[in-house]
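Take a look at the structures below.
Paired with chain B in one complex and with chain C in the other, chain A is shared by the two complexes that follow.
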Partner chain A sequence: MVKVKIDGVTIEVEPGTSVLAAAEKAGLRIPHLCVVKGIYEGASCRLCLVKTPTGRLFPACAYYVYRDEEFISDSLDLRIERKVNFEFILKFHRMECWLCPRKGNCLLAKLSKELAVEGTPVCAECPLSPEECLLTKGVPCLGPITLSGCDAECVESGGPCWGCRGPISRVDVLENAFSRYRELGIDTETILRKADIFWNSLPEFEVVKKVFNRVRTS
Partner chain B sequence: MSSQHGSLIIGEVPAVAGHVDVHVESKEATVRVKFSATQDPRFFERFLKGRPSVEVPYVMSRICGVCSVVHLTCSINAVEKALGVEPSEEVLRLRELAKGLEIVQNNLIHVLMSLPDFTGCSDVVSFSKMHQSIFSNLMEANRLALEAHKRICGRFVHIPTLGVAAHNKPVSRYELETAGKLLHTVARKLEETASDLADAWRPPVEGFSDPAPTYCVLNGDERYPLFSSSLLFSDGVTVPVEKYATVIEEIRSPHSNAHYALYRGRAFYTGSRARIQAYSKIIGCEVSVLAKTLSIDFNNPFDNVGAQYVDVVYLSRFLGDLALDLADRFRGGIKPSHVEYSSGSGEGVATVTAPRGVLIHHYVIRGGRLESANIITPTVMNARHIEVAGEALVRKLVERGESEENIKNIIAALVRAYDPCLPCSVH
Partner chain C sequence: MPWSLLDKCCEKCWHSPKTPCPDFINCSLSGPLCHSDEECAKKRKTRLEQLQHGEKGAKIKVPWTSCTLATGAEAVYQAVVDYISKRGLDITVSISGCYGLDFIDPWLEFVTKGMPTAIYANVKENSVPKLIERYFLDQDVSGAFALKEKTGNAKGEDEVPLLSELDFWRKQYRWVSRNCGIVDPESLEEYIASGGYKGLSRALKMGPDAVIDEIQKSGLRGRGGAGFPTGLKWRITRQQRGTPKYAIANADEGDPGAFMNRLLAESDPFRIVEGLTIAGYAVGASRGFIFVRAEKPLMARRLQRAVEEARKYGLLGTNILGSGFNFDIEVILSAGAFVCGEETALIAAIEGKRAWPRQRPPYPAEKGLWGQPTVINNVETLAHVATIMAEGAEKFAALGSDRTKGTKMFCVTGAVKRTGAYEVPIGVTIRILVEELAGGAPDGVKIKAVQIGGPSGGCIPASLLDLQVDYETLQSAGAIMGSGGVVAISDENCMVDVAKFFLTFTSAESCGKCMPCRVGLRVMWSILDKITQGKGQEEDLEVLKQLAETVRSTSLCALGGTAPNPVLSTLRYFMDEYEAHIKKGVCPANVCAALVTYLIDEDMCIGCGQCAMNCPANAISKLASGKYRIDQSLCVKCGTCYVVCPVRAVKKTSCSGGGGNG
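Moving on to the complex of A and B:
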C-alpha cells in the first residue's frame, strides 16, 4: 500500500492506482470528461489536471502512483488550465442541443457550470425531449440562444425561456439556432422582440441582431 | 424631541427592502411626518407601452421580486378582462392557490422580520438564540410554505406557470395533495407556536389608536376573496373595480418619488389588519381565539403584524382545503390548458389581494398592444396613512417624554409594521 496525499487528505491505496481513483476514494471530486473506467483512459480531455507541490502538471486519470506522493487538485492556476482546455473542447463541439438526445442530462452543460465556462445554451439543460420541444409547438422560446446555468427552471415550470441569463456569444450556435427557428416557422422578429426585454442594454445583443440579419438574408 | 420647534431626520429606515426616508418636523402644536420613497422611479407603466399584451404580465411581475406572483396574477386578470377572455375554472383555482401561497409565505417572512421590533431583541439572530423553539417553528412553517409553493408553481419567483388564459405546468393529484397537507401542517404549527410567541410578543407602543380608521379591502360575500370585482371600504361603500378612479385618487407627492392614494381625500389603510376586521364573519372563531392569544388590538397600526399572523393561519387552512378539494375533483391531475383568443382591443381593471393589501392593475389595450397602464400598489395606498399615524404617534411619544433615539426607532418600527418592502411604490 502507498500513501497519497491530495489537497491535504491522506489516503492509502494499492500501488498502480490512478490519482483520479485515489481522489474518488478520498471523497474528492476532480472534474473529468473523457475517462470511462475500463473502456477509455486515454487522458485526452485534460480536465482532470492535478499538480505536484513542485508545480508539475499531470492528468489525474493517467498518472499511476507507485510510491508515497502528494498532489494538489484545486488551485487558481489549475482552474485556469482546466477552463482553457474545456473552452477548446466546447469550441469543436457541434452545438445543436435542441436536437440532442442527451438534452437535459448533458455532461458538457454540467461542466460548463462547474468550470464557469459560458458556452452551452439552455436547451442543454432543458428537460423536454427533442420531440416535446416547445419550439415544435410554435412557442417562441429563447432557449437555443440563451446561456445555460439555470437548470432550465422556466421550462421545468411549464413556460418558455425568457433569456434572463443573457445571450450566447458564439456565432455558429446563433446561426444554427436561427436556422432552426426559420425551419420551424417561428417568427424571428417575435424572438428578437422577446429578447429585447432582458438584453436591451447588452453589447452582445448587437451580435445576435447581426447574426439574425445575416441568416435572414442568406 | 428635545425642543418643541425643530425637525428630526429619521433618515433611511433600516431593515426594509427598498429605500425610504422619514422626516419629522414639529412647529408649535403641529407635527408633520414626511414619508419619502427615495428610490428612483422605474416607469413600468410607461416603458411597457406598445408591448404585446401577452408579454405584459411577465414584465409587470418584475415590479417586485417578493410579490411577483401577485403582480403576475393581477396583470393576467386585467389583460384577460380587457380582451374578454374567460379561462377555465381549474385555471382560476390554480391561480388562486399560487397567489394565496405567496401571501402565506410573504406574510410569514414579514412576521419573522418584525420579531426584533415586537420582542425587544436587538436582531433576529439574538431572538433565535433566546427563543429557539419559536424561531425554529416559524422557520419550519416558512420552509413548508415554500415547499408547497414549489409543488404548485415550479419555482419561487417570476413563475412561468401562469399565463394569459393559460396554465402551463401540469399539476398532478399527488402534488395537490402534498401541497394541501403541507399547508395544513403550516397552520397547525403556527397555532401551536402562537401561545409561546404571545409571552414574548409586545407591540412597540401599546394602546396607540389609529387616527384614520378607514380601510379598503376586496369585497367578498361568503368566501375569503383573493380576487374580486369590487372594493369594500370600512364605511360600507362598495365600488365596482372598474370605477375605482371615482373614489381612489392618486396624487403626486411633493417630497416622495411615490404617489399617494387617497379615498375621497382621506388617508386609508389596507393589509392584513383591514382584512381580518372586514372578513371577521367569514373567518369566524379562529380570529377571536388567535387574536385573543396574541392580544391583538386591531385599532393599533403596529398590530398589523399580529393580524398577518392570524391571516397566515386562516389562509393556510383555506388554501390547504382548496388544494385537497382540487385533488379530489381532478383525480387525474390538472393538465396544462390554453384558451384560444383574439388579441383585440379593450379596457380591463383587475384587483387582487396582495400580502400588504389591495393591488389594482388597469390596462387599455389597442390592437393587441398595451396603450396605457395604471397600477396602484398597497404601499402607495398606505403611504399617506403612515404619515397620519406617524404624526399622532410622534405627538404621543413627545407627550410621554421619550428620547429622540427612541422616537426614531419607534417610527422606523411603524413603517416596518405596515410594509417591509417598498420598491413597488416607485413602479
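Moving on to the complex of A and C:
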C-alpha cells in the first residue's frame, strides 16, 4: 500500500491506483469528463489536472501512484486552467440542448455550474424530454436563450422558463435558439417581450435583439 | 566484383556471420591479425587506395540524396555515364551522400590520383562533357567551386579556393556529419574504411556498464529537442527488470525547415545502425526499430539497405562479433503525422495503434513498447553515440559549452544566401550560424528575426543574434533548440502572419487527443486571423496570452506544450507589430492582405499592360494617358500585379481606407 496525500488528506491505496481513483476513495471530488474505466484511458479533457508540490501539472485520471506522493487538487491557478479548458470543450459543442436526449442529465451543465463557466442554456438542465418540450406545445419558454445554473426550477414546477438568470452571450447558441423558435412557429416578438421583464436593463439584451433581427431577416 | 575489404583475404580467415571474429573490423582495415601474410596486407592497402581514387585511378562522385535529386542530380548522373561510355574513358562513377551545402546542389566531385580533388557547384547536365574534358583530359581545375587539396600539378589551381578555407566550411566542426558527402552511403565497405564500426567493436569489448559510463562521461544530451542526458536514459532503462527490452531510433523528422536527420540517414546510414546497435547493447535490448517518416522514401530505403548489409556481414543478428550479443533491427515506416515524432505516439504507431501520445509517466524507459522498457533516441543522438564510442568521450566533451557538450547540426533556411545544414559546437552564437555560415540575408533585405526549433520554436529578434545556441539559453529567450531548424525571417515578413503560419501547421498537426491542443490552438489561430484581418481589439492580446499559457502548461505532450511558443515569443519581442495591426489598422511589413492597398505609381508606369492582363478580377483599367489604374472596389489584393510589373511601379501601402490612386 502507498500513501497519497491530496489537499492534506492522506489516502492509502494499492500501488498503481490513479490519483483520481484515490481521491474518489476519500470522497474528494476532482472534476473530470473523459475517462471511462476499461473503455478510455483518459488524459484528454484536462479537467482533472492536479499539481505536484514542485508545480508540475498532471491529469489525475492518468497518473498512477507507485510511491508516497502529494498533490494539490484545488488552487486558484488550477481553477483558471480548468475553466479555460472547459471553455475549450464548450467552444465546439453544438449546444442544441432542446433536442438533446441528455436533457436534464447533462454533465456539461453540471460542470459549468461547478466551474463557474457560462455557456449552457437552461434546456440542458430541463427535466422534460425533447418530445415533452414546452416549445413543441407552443409555450413561449425562454429556456433556450437563458443561462443555466438554476436546475430549471420553473419547468420543474410546471411552468416555462422566465429568463431570470440572464441571456446567453454565445451568438451561435442564440442563432440556433431563434431558428428553433421560428421552426416551431413561436412568435419571437412574444419571446422578446417576455425577456424584457428580467433583461431590460442588461447590455447583453441588445446583443440578443441584434441576433434576433439578423435571424429574422435572413 | 573486385575483392572487398569485407571478404576473406585468404583461406586462413575464419570470419563469417556464423563464426564471428571479434577483431573483424580492425582486421579488415589493418589486418591480417590472426596470421601474417604480406600478400593479405598488401591486398588491403591496394583496396583502400582503390576506394579513395576509384578502381581505375579516376572517379566521379555524384551526390544521390533527396536534396540533390530535387535539383537534378539524376540527369547529371545520366549525362556523366553517357559521356564516359561515349568517350570510353576509364573513370569510375560512384554515388555519395551530400555535404549539406544545399546552395551548391547538384554538385560533382572529380577525383584523380595526383590531381587535386575538385568540387563543381550547380552542375547542369549539358555542362557535364565540358567539365569532364577540362578536368580529366586538360588537367585544368579552373571553374571549380572548391578544391579539397592543392598539389600544384593542375592548371588554374590558384584561382580556385580550398574547401577548408571557405567560411562555411572552416567554421564548422564536422563531427557526426564527417562522412556526409564523403562516402558512398550504400557501401558498408566504405563506411568501415572511413573508421566505421570501430565504436561497436570497442563497445562490445568494454561491457554494457562501461559503455553507459563512457556516454555519461561524454555529457551527450538527446539531440531530438528536449536535451535529456542520453547516458542517464540508458542507465534507467538498463536498471529496469522487465525483459525483453527494446531500442528505437526516432527518425520521424517532421519539422518544416529541418532536414539534418534526413541528411544523416541518407548520407551515412550505417552510423545510425551502429549507434542503435550500441544503444541496444548498453541497455540490454534484443530488438531495435528505426521509425522513419514515410514521406522521406530515400531515407527509409537507405536505412533498410544499411540494416540488410550489416546483417549480411554479421554486424546484426546473433552473436555479433563473437560477443554473445544478439540484436536485430527492423525499419518501420511512420503513419505520416507530425505527432508520430513524439515518443509515446511513436510507440503506439509501432504497436499498430493510432499514433496518439499518452500521459507520461510512466516514461518509455519504464514502460514503453508493448509495456516493456524501451530506449528511444533521435538518429542524430545515435550517430553521436557511434562517433563517441569510436573517438572516445574526452574528445567529445572538449567541444561545446559549459552545460552542453559536443556538436549539433543546424539547418539554416529562409532569408539567407547559403541554405544548408551546418554542424557547429554547441554554444556558438546565432549570428555565426546565420551570418557567417549561411551568408546572411540576400541583397536588399534585412534579417528581422530568427525562428529556432521548428514550428514549436520561438522567434528571436535580430537584436539577440549574439545569443549562444544552447538548450538553456534558448529556453530563457522563449525559443527551443528543438531538432535544430533555424529559419531566418526577413523584414519582408509580418510577424503576426509568421505566428499565424506556425499555428496553422501545429493546429493542423494536433492529434486531437487533448482539449488544450485541439481546441486551444484553433481558438488562438482564429484570434490571430482576426488581427491579420485588421479586426483585432486590444483585449485580444491579453486573451491570446492567457490562452497560450494555458495551452502550454496543460497540454498532454510536447506538441501542444511548445506550439504556443511562436505566439508567446512574437508577443514578447514584436508587440509593436501586433499593436500596429490593432490600433492603427496597418501591417508594417505590408503582408496582411486585408490591410494592404495596391497602387500604381503613374510616374513610373510604362503602360505595358502586364498588370491588367494578369489581374484575375479585371480591376485594372487603362487611363486616357496610357497609364494604368487599380479600381480599389474590385481589387482582391492577390498581389499578382505587384509581381508581374517589370518596372516595379505597383506599390504596396498599408494605410487603411484605400485612398490615393483608387
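In this section, the second predicted complex is superposed on the first by the 218 of 218 C-alpha atoms of A that agree within 3 Å, B and C clash if a C-alpha of one lies under 4 Å from a C-alpha of the other, contacts with A are read in each partner's own complex, and residues count from 1 in each chain.
Going forward, contacts are C-beta pairs under 8 Å (C-beta built on N, C-alpha and C of every residue); 3 or more make two chains touch, one makes a residue touch a chain.
Predicted, not measured: the structure shown is a model, and the values here were computed from it.
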Fit-or-clash call for chain B and chain C when the two complexes are aligned on chain A: fit
Chain B versus chain C as contact partner of A:R46, first or second or both or neither: second
Superposition-derived angle with apex at the Cα centre of chain A and sides reaching chain B and chain C, degrees in steps of 10: 160
More chain A residues in contact - chain B or chain C: C
Which superposed partner A:N85 touches (first chain B, second chain C, both, neither): second
Touching partner for A:F58 - first (chain B), second (chain C), both, neither: second
Where chain B and chain C come nearest after superposition, their Cα distance in Å: 38
Chain B and chain C footprints on chain A, overlapping residues: none
Residue ranges of chain C in contact with chain A within the complex: 358-359, 361-362, 513-516, 518-520, 522-523, 546-547, 550, 553-556
List of chain A residues in touch with chain C within their complex: 41-46, 49, 57-59, 62-64, 80-81, 84-85, 88-89, 91-92
Chain A residues touching chain B - in the complex, by the definition given at the top: 153-154, 156-160, 162, 193-194, 197
Complex contact set, residues of chain B against chain A: 52, 55, 58-59, 153-155, 159-161, 163, 167-170, 336
